[in-house]
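Each of the next two complexes has chain A plus one other chain: chain B in the first, chain C in the second.
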Partner chain A sequence: MTLSVVYAILFYAATLLLVVGVARKVIIYARTPAPLKIPVTPAPTTKAGVVWRMTKEVTVFQSLFKACKWTWLFGWMFHVALALVLFRHLRYFQEPVWAVVALMQPFGQYAGFAMLAGLLGLWARRFLVDRVRYISSLSDHLMLALLVAIGLSGLAIKYLAHTDIVALKTWMLGLMYFDLQPLPSDIFVLLHLGLVIVLMVIFPISKLLHVPGLFFMPTRNQVDNPREVRHTAGWTAK
Partner chain B sequence: MAAKFDTPELFKNIEIIDTPKYEVNSMVHSSPYPAKAQHNEKLGFPGKLVDNWEEKAVTRLGELVDGSRALRTFLDSCVKCGACADKCHYYLGTKDPKNMPVARQDLLRSIYRRYYTFAGKHFPKLVGARDMDKSVLDEWYSYFHQCSQCRRCSVFCPYGIDTAEISMAARDIMDTVGHGQKYCNEILGKLQTVGNNLGLPEKALINTLENLEEEVEEDTGVAVKYPVDVKGADVLLIVPSADFFAEPHIDGLIGYGKVFHQAGISWTLSSYASEAANFSMFIGSGDNLKKVAQRIRDAAEELGVKRIIVGECGHAWRVAYSFWNTLVGPFDFLDPNYPAPQHIVEFTYDLIQRGALNLDKEANDHRRITFHDSCNVARASRMGNIPGGQFILPRALITASANHFFDMSPETIHENTFCCGGGGGLLTDDLMEIRIKGAMPRMQALKQVVDEHGVNSMVAICAICKAQFSKALPAYQFPMDMITSLHQVVGDAIQLGTKT
Partner chain C sequence: MKAKRNIQRFGLVALVFTLFSFEAVADVPVPDIPEAIKGEQCVEEIGFMRRNHMELLSHQRDDTLRKGIRTQKHSLKNCFTCHVVKGTDNQPVTVKDPRHFCRECHDYAAVQVDCFQCHTSVPGGAKTTGTRP
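Let's look at the complex of A and B:
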């Protein structure tokens, strides 16, 4: 039960840091003015066009595709697989499980492997491509190590050392309803949860800020209409 | 003066621009002349490096980040994916890894992280954060003057991180602590006292234009006018001052005059605002950007014109198109039937569409033409009313005026265009090495169309590109006069005297 309490406290703290940290950054981004029109052109001339441009960037990584097929392949594979994996994990946070979550269950499992493959591909580039090696700092490697470790420990729970998954889910639901239950103390479970906690904590203070940041970049989200509509903000509004 | 250096070798195919293996510090020796005290002071910056400049620089960085959503998100969000790394012409031409866009950004990001992020304050080593000191400043001065702010990297970045913005911020910080660049700051000073980058006074300008009128009349037998300070003219034309004297720029100016002449639209230049260029953008100075733009608005109001048209100049068009309305708008005193401002290419294009120009394509039959998209036009502005009009319109002008046109390889044109190598305030002799090396990818693409199609003329619509290619072409064994103004091609095709 001690373990359960420790992990519960860590989880609450990490969630708080993640939510507050990201919200704080989003508020800062939103409040920081964009004084000039700087969309990278050719850019859409309407709001709907911008939504379409951003949708393509977020869903298929359009610019990255143009830039480098390998990075795109591994990066896209990782992100899509991660999305599936996260979606699949919803089953541990709900009772009853939504039909679509149940439906996605098998895909979510394969996605675990795809996610790892993507990560390893990205990591390999950090060693094999001299340019990418040059620009990588220690934190870039550690970030990949962390994600790989999360993926591996997760797969280990599933395929290597089965845990009492029902008990784990009960613990998680207990966390959500403030009704603490015992946590199965299998090593991979503890590892997996612990690493996820680390990830949540560093999210708002690391390059993972690209997730909210992406939506605020004036180079991509501005409408190309400076002659038609007078834009002012920050020092240009004074 | 820069030491001797080797011009990079060209290959037959553009595909051969394979990404080089990097060579650390191969361009660390490249630094422009620092500005003299008087040049800095004229623009409102300290004359020389101030005491406690380290602290001031860090403070200024904080102010800039607070004032620019772009800068803030760019500095926070880079994931070091390397997609931009091989997209910079300076990296391709010099192999210096600090010329990879992401590495250039990191020169500034490392300071931002150290002073403004949790990770950098507490774990600097881990995230590559470092203290602000003289070696950092020297590195900034060198490598932020090896960026032409061309935005090519930003096209390929998954988030649109624009290294140009980061270079501008770094130069702003350096100016703020009194470490400005001579070329940009001296020129901006001239512009603000005399009215143009060249320091060409009113009298000399009027003389030049009178001579030009005589020359054109001698050549064509038609009295084409090049008017200055004509009150009540319909159009105020703002051109880069290089158009008044440099080759091939002046041939473009001659062409504008012919277009106006045949269209029968009254126009004028202004001796007060005789400069389209606005180098304030290069040094990231908002105050100066606005001041210089204000001169043009004032001239337009003073002359009582109905329209403002901008001549062939890349960054000037970015400033005019993207920033004028914000900085010194709204232009509600102009005729609302026309965009304010309008590009000369848009103007000529409309005339051609309306059949207002008689063009004889055969007059250009000796030219086998290709077109160089200038960065700031391609990636930071637009022409016409559809996205990408900036690629369509100039080519439409060429094909309406000439029979032989060949585009360069698709990965080197439109929004993928390679910089001429001399933009962003680098067009100075003390940076010749980086300029020539940075021109390599464009020269490579040019060689391909020269070999395959016998191209003998590269048309551009930017004063900086034109001046830069006059140096770069000979360095790569091409004839210097290959570089041609777009409105020279148009002007040569116009059948003067055939419209009344």
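Let's look at the complex of A and C:
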């Protein structure tokens, strides 16, 4: 029961840090003026066009695709697989489980392996590509190590040493209902949850902020209309 | 400066206190696991069964089907000598019924069971229709 309490406190704290931390950063990003009109051309000339451009950017990583096919391949594979895996994990947070979540369970399992393959590809890039190795810092490697460790410990629960999945879900729902339940203390579960807590805590102070940051790129989110509309922002508005 | 620190400290204490003074908003939903109708002890220890019953069943399947070794201890049929849920007509419910022993937890954890496409889900060998639950 001690472990249940410790992990519960850590989860509440990590959630608080994640939500408040990311919200704070988003507010900072939103308030930071982009005084120059700098959409990368060819750029859309209407607002709807910008929405379409951003949609492509978010879903298929268009500019990364144009920049580097290998990075795009592994990066996109990782992100899509991560989305599936996260979607699969929804089953721990809802009762009854949505039919679509139940339906996606097997795909989420495959995605677990695809996610690791993508991460290992991205990691190999940091060793094998000279230019990238030169600019890779310790934190770049540690971030990949953390994500790989989360993936491996998750797959270990599924394929090496099972846990009491019903008790685990009850514990997680218990957090949401403020009604603490015992956590099954299998080593891979504790490891997996512990690493996820670490990830949640460092999210708002790390490169992972590209998730909200993506939407604030002036080179991608601006309409190409400098002659039609005078662009003012921040100090240029004064 | 000191006043500010005191306010911060008070805020922290208040936060921790609030977290722990929460009454449960509602009871956590848990699967309604039916009692076994006979026997005190499962074929293996309960924590082990909750984690590994699927491995036992698959292993039993491989032994029986591929090697011809047919034993009682870990057979699916054996599960239903104890783990039976009776419906209103006092007949064992099949896996199509959400109250079925397997389904209580499998629905809860969103894990699909594929045993019953072929196997019966009630004691005594009554056939299921072969449709998915």
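Brief remarks follow.
In this text, the second predicted complex is superposed on the first by the 238 of 238 C-alpha atoms of A that agree within 3 Å, B and C clash if a C-alpha of one lies under 4 Å from a C-alpha of the other, contacts with A are read in each partner's own complex, and residues count from 1 in each chain.
Methods note: a residue touches a chain if its C-beta (ideal position, glycine included) is under 8 Å from a C-beta of that chain, and two chains touch if they have at least 3 such contacts.
Computed from a prediction, not measured in an experiment: that's the story for all the values here.
Partners chain B and chain C fit side by side in the overlay (superposition on chain A). Once chain A of one complex is fitted onto chain A of the other, the partner contacts of A:Pro35 are limited to chain B, with no touch recorded for chain C.
In the superposition on chain A, contact of A:Leu142 is made with chain B only, not with chain C. Counted by residues of chain A touched, the larger count belongs to B, out of chain B and chain C. Legend: residue contacts after superposition of the two complexes on their common chain; A:Gly75 is shown touching chain B, with no touch to chain C. In the superposed model, A:Lys238 lies in contact with neither chain B nor chain C.
By the document's definition of touching, of the two partners only chain B reaches A:Arg227; chain C does not. In the superposed model, A:Arg91 lies in contact with chain C only, and not with chain B. In the superposition on chain A, A:Leu173 contacts chain C only, with no contact to chain B. Once you line the two complexes up on chain A, you'll see the smallest CA to CA distance from chain B to chain C is 20 Å.
No residue of chain A lies at the contact with chain B in one complex and also at the contact with chain C in the other. Across the complex, chain C meets chain A through its residues 19, 22-31, 47, 50-52, 54-55, 105, 107-112.
Those residues of chain B whose C-beta lies close enough to touch chain A in the complex are 19, 21-22, 65-70, 72-74, 76-87, 97, 100, 102-103, 106, 117-119, 123, 125-128, 151, 154-162, 165, 286, 321-323, 325-327, 329-330, 339-341, 378-382, 385-388, 390-391, 415.
Against chain B, in their complex, chain A makes its touches with residues 25, 28-29, 32-38, 40-45, 49, 57, 61, 63-64, 66-68, 71, 75, 122, 125, 129-132, 134-140, 142, 202, 205-207, 209-210, 213-214, 216-220, 224, 226-227, 230-232, 234-236.
Per the touch definition, chain A reaches chain C in the complex via residues 9, 12, 91, 95-97, 101-102, 105-106, 161-167, 169-170, 173-174, 177-179, 181, 186.
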